[in-house]
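Heads up: the structure comes next, in structure tokens.
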């Protein structure tokens, strides 16, 4: 069990009335307890915090008038993942994958897994099924992709990233997810905060369905899996953008801070906070 | 109100133990009543009918042994859509789109709406917002795409189809959905049965979120919108394949029949069966 | 016959020894006479002007040391195209296309004509063969694409541009060339200078092989076809970049001027300066 | 020096008057002497053998009437490549690449080298420049791609093949060429006949410009580089299809035979037959 203090600030210059939607609040799950949470928006606006889609995360929404706007978020997130022995975590046969998990086998906008059957089979088809194979995918991504902002952009999917051989955290997650799905392993994108992310920013990682639960992986290798505070999840990053707005505004400044509070647990081999 | 009798049969030659998942059963909604429903699988197997994903449709699942397998489905579907005057159906501002509807603004595997902002704006940006604009998109798709099986395949997304200028029902729906989303209109894929589809087969169409509900459109123009019996919905066709299996089997034969039972209502200008 | 005075200047800040190659000098053809030509490079460098590839244009090459470098080009170009009556310009059957012209039927990097067979046939397949059909393609491109710098970049091919529905002169030419080739009409990219281009810059257009010669078209509609001074030609813009260098340099400034000198002829319906 | 006997036959059923163009005749170069050459077409047609494009290969052309048509080609090709010590073959700096070689630095339809800068740099950027680096690319392609007909088709470019991780000889050549060009090494596609190709068929390989000449590589590893009889070369396979026709005909049968005649030389480390 560890506690992570997260905070984020964003400053916008708003030029005309604009509707905002943020996905930045830490998720509440049986394995993730949120306390001391505070959202401050200046100037004050009428905001709502509502479940997004099929309750994959919370959405913070408000309309704002022209002028400068500051949004500030902080929370203490106590992580108490369900650790597991990787050798106990098998892949699940198609016939036994729960029907509510099945959508995470499907290709999605940034995870064109249907195009990667040969690629995945050539690289990982001969490995033993289970957590170890997903770890091998994660390690391959960490080794073969260069972490380099600016090479990819919001329209880059897995096929683009594999050709660029470079990208940022969301790209690393997308490639990993695509390779899992191509092998028949359900996988989904997780947005959140990670201790050790450099440069510190909102983070993206993924989880795979193994045994009978969702297990965390960070293919950037920047954060230990028991220091990842989750915001929400989805098919891919399209489902969990940190900020969306319709109107006309400029982001002037953004800061993200993620700090361990107190004792540091060793990183487990496998953990679930879903 | 009209009643549609649907039936479908499929015959497989199974070569090794295979897990099947079908999305062929008519949905139950306040506007769609299903009666006289029968699923027969020969030889008998232990099957389950379970909600898929976030309950977007029912999934019929079973494992089967090698040999010939016949699956037969039939039902009477009484359609009692909520008709509306299109001029009452406005597009919804981003700030007012319900958070559970918002995922249908996102790009998806076969609906790369993020790449079509200019395209959609150039063709439809100057039209009045509302049902009429979605109808204009639907009409453009019907006019500019050729209905031609074999040009596209399971990996063809909207960008491919727009270059081929041809495809089948799922492609017509994908292009329409993408153009809607590119303009900020939530849209989703609907699988089902349509009276008048030629050649008769499982059908794909779409619905857009207007006013405060989901309204039906068939860009193939083959079926009246009050003769569309829905199976389920999703981001795009990836979410609602009629049949999926893992194992080794060949589809030997497939038949689909969709017949109006009794009186024929005039086609309304807009209707919702969600 | 008309005379066009062209000039271009570029200023670079060179950070390390750099090799430059420019394609900016006006071509000499039986229909294009170049006089008063001057190339000035400051500081002086040892330069060569050599035929590029299979003599498709001249290449101006030199190596330069760190520091500021100015390159200045000017010439008077007398255009005396071979005008023709468009109704005399038929498309040529495959069996009669000269073997040296045949490469311009092939798809190329930015002209993926092999992917546009259906698209071209749907839009232009029913038109009468000949110059009029190429003019129809040119008009369609001018009408349906928005001239908008910044939407496309150096990696954008025809399929990208058709989805963006916007681009610059090279994109307009690429789409036109692709549609011609998809219909079996040889077409090639021409780089040059055009009177009336706005904002004035190096220009790209194309020519199609009709009757027994190459005829000019400008799908941007910005320049009359008898006021286009050619630099060179190629499969597509990959073959005729205005400037290429290997090393490390920044372009600080660029100006292009193209002015009619004296009398203005009416624009002919078809002309060849190849 | 070795002699290779090549032969090829094709049988077509022609349904309407059709124009054919074949690129199957062995090239004549200072290092490749062709003797005992025979082209037989049954029934007899009026054919021409003409230089294609900028004389990159010979084109055999004729028009044929409906009915069955047999085309048969054979020749003895004596190969006397200019062998070299790979350690003597440096890459050429951009400023010293002959202007007639420069087009082979450009991206082409199936060799989108402009998209592979990062990929090539990540894998091969740290290697010593020269023949060894091109050999490393060739070896990587042979190791990482699966030779598997049917995975790719005529529209598959390098970016598609890299995702499929499989293809046929033309795909292996395209990937190699793209990686070379991405590193600034001129490379071009060569069509021909190769001893040892399995299953035997027309073959595609490539050559890179090193030192002051073009050197052969076969990334399929199926043929020794001194047993490759060249037909022609081009930017990529678009420039050298074995058969093209416009009209309506079906290929009923095709055979290719390539046999060593007499003594077998050891494979050299590097050879040029350009």
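Chains here go by letter, A, B, C and D, matching the order in which they are written, and residues are numbered from 1 within each.
The rule we apply is simple: contacts are C-beta pairs under 8 Å (C-beta built on N, C-alpha and C of every residue); 3 or more make two chains touch, one makes a residue touch a chain.
All of these numbers come straight from a predicted model, not from anything done at the bench.
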{"item": "Interchain contact steps from chain A to chain D (minimum; 1 if touching)", "value": "1"}
{"item": "Copies chain B and chain A - interface residue numbers shared by over half, same or different", "value": "same"}
{"item": "Distance from chain C to chain B - Cα centre to Cα centre, in angstrom", "value": "46"}
{"item": "Chain A and chain B, separation of their C-alpha mean positions in angstrom", "value": "30"}
{"item": "Shared-contact residues (touching 2 or more other chains) in chain D", "value": "115"}
{"item": "Touching residues (chain side chain C, partner chain D) in the complex", "value": "19, 21, 50-54, 59, 61, 63, 93-95, 99-100, 102-103, 106-109, 111-112, 114-115, 154-155, 184, 234-235, 238-239, 245-246"}
{"item": "Residue ranges of chain C touching chain B (in the complex, touch as defined)", "value": "115-116, 118-119, 122-123, 144, 146, 151, 159, 162-166"}
